[in-house]
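These notes concern the structure reproduced below.
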């Protein structure tokens, strides 16, 4: 049941922003350079065109600021808030050229991350009233792992491991190579020292017992039936955390939660969330 | 109606592979180093767990090869092929440690890109028998634009612009800043020279006439009704290419295609394609 | 007859500026650190010592600004202007140390790029009154391709392709590998889509006919005699652009232009332009 | 009278090769990918089309090898050799695609560096029989300083300082800021320690005396008349090296050398050498 | 009582090796290029000149291999072993030039890391027979944190946190900003989730009680007297791990260990370990 | 007897600062983000806790400024000064979060570099009254060579070569490969030109004579007895500089100096200097 401050997950976003801008810009924005005079001022309005949970606004704002350090951005909305279609999320005032160049990249971040937050919020809502927490997986878009876990976090989910170095999680392929649940957990304990939590993936109740006896702090129940999950909850009786994993959908997540598991991991949060609909309207700045 | 050799879109993938591996690895794979001895040999089987169109296999294979330059990979399947659940896409033989480290990153590429190819193929199938070609947009995941356009391409779609420097496309925001369709197209022509195709986004039939008169090679019909699209097709009569854009879904795409437009751009191909289901099963290499 | 906004060609110049400064600085400016106290103020005057067309001033100015972000630079002269020996191109006021460090690198950019602009202007002048446009080639100094094409552009030339991805140009070596002009142009058309201009290099009038029939938009006449060029112009009759290439000098360029070709490419613009003569005079800042 | 092993000047060339390839390739070679099948074998012949002194062959060969690590390159010619038009400098056998991509970049290095070597050799030839050595300056193309000094070196010239950290050279602008020749040389001596050579630029015979008295090891005579150079040679009488600088041409260099100076620096070697003429002929590999 | 596989701490060493080689090489090895012909073969013997515990051999070997990928290296000795003066640690056979260039950088890694291992081993030896484990701190040389913790690990010490993201450690400065031990531990627990160990630094027995009550898993006793450490051990009675920190020397470490604390952290292991004495003897390879 | 302006040795420090911060930060400072609110103001006092010579303060200050560009830093103390335990070296006012993140990295630079300066000053003090200068070697911590030589310099030592390209130093391994002292010095002279100082390492008085006859400017006496050093001084009689090297300690350095050698190189200055004791006390900023 790992948590991290959401801001930690925004650290280092500048690198992927630069990558995204570079791949889009190539040798420069041919259309904008041909049509829009240097230094012409513009205003922009960022509009929600569907209902969603906002995520990634600091990243999108950063895209505009990287290209135009003097752009003025106003917004009263924060990540994690629910937005209605038609809402003006932010207004911008700056130079037209960098605003046009930033547009697509900024919107791409915002529409994907808000899509993840929106889907996460539905799962979180569905398990309200149970003790279960919704958590992400490492099934993320390459290069965007931390930002996608950020989007899960602002919507009330947990990020799970931030990478292969972020805690021990013994999965089926490890067991195939390293032996039984008992052996693997014990060996991991020896290598990792006391006080470091160990998680292990199991498929049977027998393995749950093994994992508990070997001292695992978290036990991942892989594709287990609801009845077996309930049995696992009774068997463990609070001596370890239980994580349900595999085949979880919006339809069945409430039932999974009511088995009493502590965590429910959902790959779809990050690998299959549809984007939300947003647009940026730019026009010449009047006056001033 | 731009096309590029699909291989061109794979160029430079090593950079995003490295980014993805680095964000996942952090200081190293704690679990694998704790449980799996150095140099222990392993075999892996990459399995389809749903039906889909494969895309991204050269990228996934590259992830394994980067981490274990001596890994032997066998596969008879190529990107663009239709795969049934249960198919063994590839088999691997190499060292266990790098195979485990590569697993998630390789699968992430493959499940996302195959998801895009699978969705694209459904759109392409839907417009079969018309002259319309399905095309992607720049609404891609940050850092993955080229690979996502590759996935669209192997499924029979067109990539559209590869970035802001890849041809002129005058959009609504440009028109708001640069004046009428006529003015903008003429100015772009002056700046870009003859023989360079110019595309312009329009909302009305009047603007279609303007665009045509000003000499645009491609006219994007933004959120136009089916009847207006048909009128635009008659009006243009082959003197420019017409691209339908906005609000296209699997339900209505055939009707859009039957208006006679040349291109239909679909943002959802890259921003909202659900991932496909895949897994890698690793076990100790026996004999050898 | 491709053109791009000149500013687009300045994009990314910071990278080569940094490379140039790093190779010159090594571990630091031994002489300046030994002789000039930290923070001592200085003024500099950038002087033309021969007649030339200025190019690269924004790059040179950037060198000074990178090393001393507070340097004040005044100049009323713009790239593309004709400069007389003795003219003060710009005056600078800032710290002495960074000004001394920047001096050679800034002058190197300016003297080379102005050399290219000066030579280009002579070719452009020589074809005045004809329809022919002078264009650069990819025969540039490694790492400086875009800046050298910029210098050609500000002097009234065209940049031609900005790289191997910037349009299709089928050259002799491609034909040796891919077959006849007809085959190559058709195959390229299939791979590149409609509305994408294709250029092909030919050596005979027969190949001109082939290229035209196959639908090439631009035909490059490689080392063709003046009389054959005239025949090609008649034969093509405006259905494609014609580019003369090979063996063009200041002596014969007017005659080439009068054949009626649309473009004349000249490698010497970027590979053999002599540098112009410039100097920077630095002295202690008085008063203030 | 500084010299360095020529190979030292080739160190680090991979960085500028990568920069050059990247700027040319952009998103990939559109023409080659469209026309030439993957893995098709080819042979290439590198041909001299004018007479020149070869320089940069290891760099050009490296371009081919970076793109096709298995390319086989044969050549009996070495940098510094005199080449006649029509000579086959090298033959290559490898894959057609990387050979086509490498072509322009490899030739660009070779034609520029051979141009520098060719011009240098003419200056070196002109001073044959005197004690004077021809030396380059820091007036090089940005990013190419070391390679251009390499080309000077293989043709019999000296490289002079490799950058601002490579020895002390007190120039006019330093003197304007740091005081008299005497003061500047003494201060430099204090900061640099004994046994480190100090060079100072002077304009009058009085300053030559100052420089000598202050202990400079090398005295640069800036734009001095031939008669004054002779007086300086007598005055110094071997107690320091004398370097003639400014206004040196192929016409007057022999006269300058006969004054008895030790070094003659010529900016034109690197800033104004015209490129030599070379080509690469590629065709399909037969048999094998 | 955190541990990690030692190999994990070697990950990424190539970056600091490259940095070290680049800073030493600058523009190239002037002496070696001047004196040693290209491709001349050589053998090298790496000799211990004092007694020590070896650490960093894979890093040193990597330096040689990076510069000469074909060098053959033989060694029967592994990190963590005790070495006597006069021992041949390894023998090398390869090209003379890269061996000479690698020499100093390889030895620098080896002499520093072996120095750390040697000092660590003395501390570990001193607490033999107690339950206390010796652990490093983050007082490392900039850029070398992971390698220095590796050297501690191979000598039997524990690495402690690998960085600021590697677990929660609430120190005096955090307490000054965040309030009491109770408040800080509770707030950290809320932000970090269950099952994540929290360590807190305390100065008094009262704070030990606070930390225990608030649920800290590890309590760092900062500069506490031996008698207070004993009281803390009794008070905690195994419900948390205790770490002694501050003022620990080889003289008093055994007494500290006998108080019953679990961990003893020693900054001197990494910030003040003297280097060991090593040399590399290179000579021409005879025969072959 | 090479010297360089100390500031030159600080150039490029930002790179190693970034490396050090990155390795410590990983994915972010978990503790600080969990406990300290964004933008909370703080003050810090940097305290000496032992007596030492300060070195590296500009580097440490830069660490704070990189993380918090608006931090205000006050200090009246400069590198090279002698500091008493208890002295407040500097006071800081800025944001709490970046101050906490910077703390360890800044102190690591300061404690190591001050350790080097402190040890150097003791050696310099010990040879006071002789003509000998204390000089560093290339036995530095990887990545920190320039900064460690800076620390030696501010304490009155000389830096010696800044890398393998910074002058010629013929060592025992070179002689083993290149032949006799005479041969090696002559060959180096041919390759390096006149006026470039050559240093050679010798072990016998016979080799001293050889080196002198061959024209070496500096002769390094490797592990020579005091009596032989005296003989070498008499023999050379000022015609070259003599450098004593090997086995020099604080106990014997004065005797070595009194032999009359010009330079004494001491590897321990940089490879074995113990760190000094420093701390940073941070607390909430009041008022303001």
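Points to keep in mind about this one:
A, B, C, D, E and F label the chains in the order they appear, each numbered from 1.
Here is the rule we use: contacts are C-beta pairs under 8 Å (C-beta built on N, C-alpha and C of every residue); 3 or more make two chains touch, one makes a residue touch a chain.
Predicted model, so just to flag it, every value in this text is computed and none were measured.
Common neighbours of chain E and chain F, listed by label, are A, B, C, D. Of all chains, B has its CA centroid at the greatest distance from the CA centroid of chain F.
Fitting chain D to chain F on Cα positions gives a rotation angle of 180°, stated in steps of 5. Of all residue numbers used where chain A meets chain E, over half belong to both copies. The two sides are thus made of the same residues. Mean C-alpha position of chain B lies 47 Å from that of chain E. Put simply, the C-alpha centre of chain C and that of chain D have 22 angstrom between them. Shown for chain F are the residues that touch two or more other chains, namely 4-5, 8, 25-28, 30, 33-34, 146, 162-163, 165-166, 191-192. Chain contact topology: the protein chains form a complete graph, every chain touching every other one.
Touching chain B in their complex are the following residues of chain E: 4-5, 7-8, 11-12, 146, 162-163, 166. Contact residues on chain A toward chain D in their complex (touch as defined above): 26-27. Per the touch definition, chain F reaches chain A in the complex via residues 25, 27-28, 30, 33-34, 38.
The part of chain D that touches chain C in the complex is made up of residues 15-17, 19-20, 23-36, 40, 42, 96, 100-101, 103-105, 107-109, 111-112, 115, 138-146, 162-171, 173-174, 176-178, 184, 187-188, 191-192, 267-268, 271-272, 274-275, 280-284. The residues of chain C lying in touch with chain B in their complex are 1-5, 8, 158, 165, 191-197, 217-218, 241.
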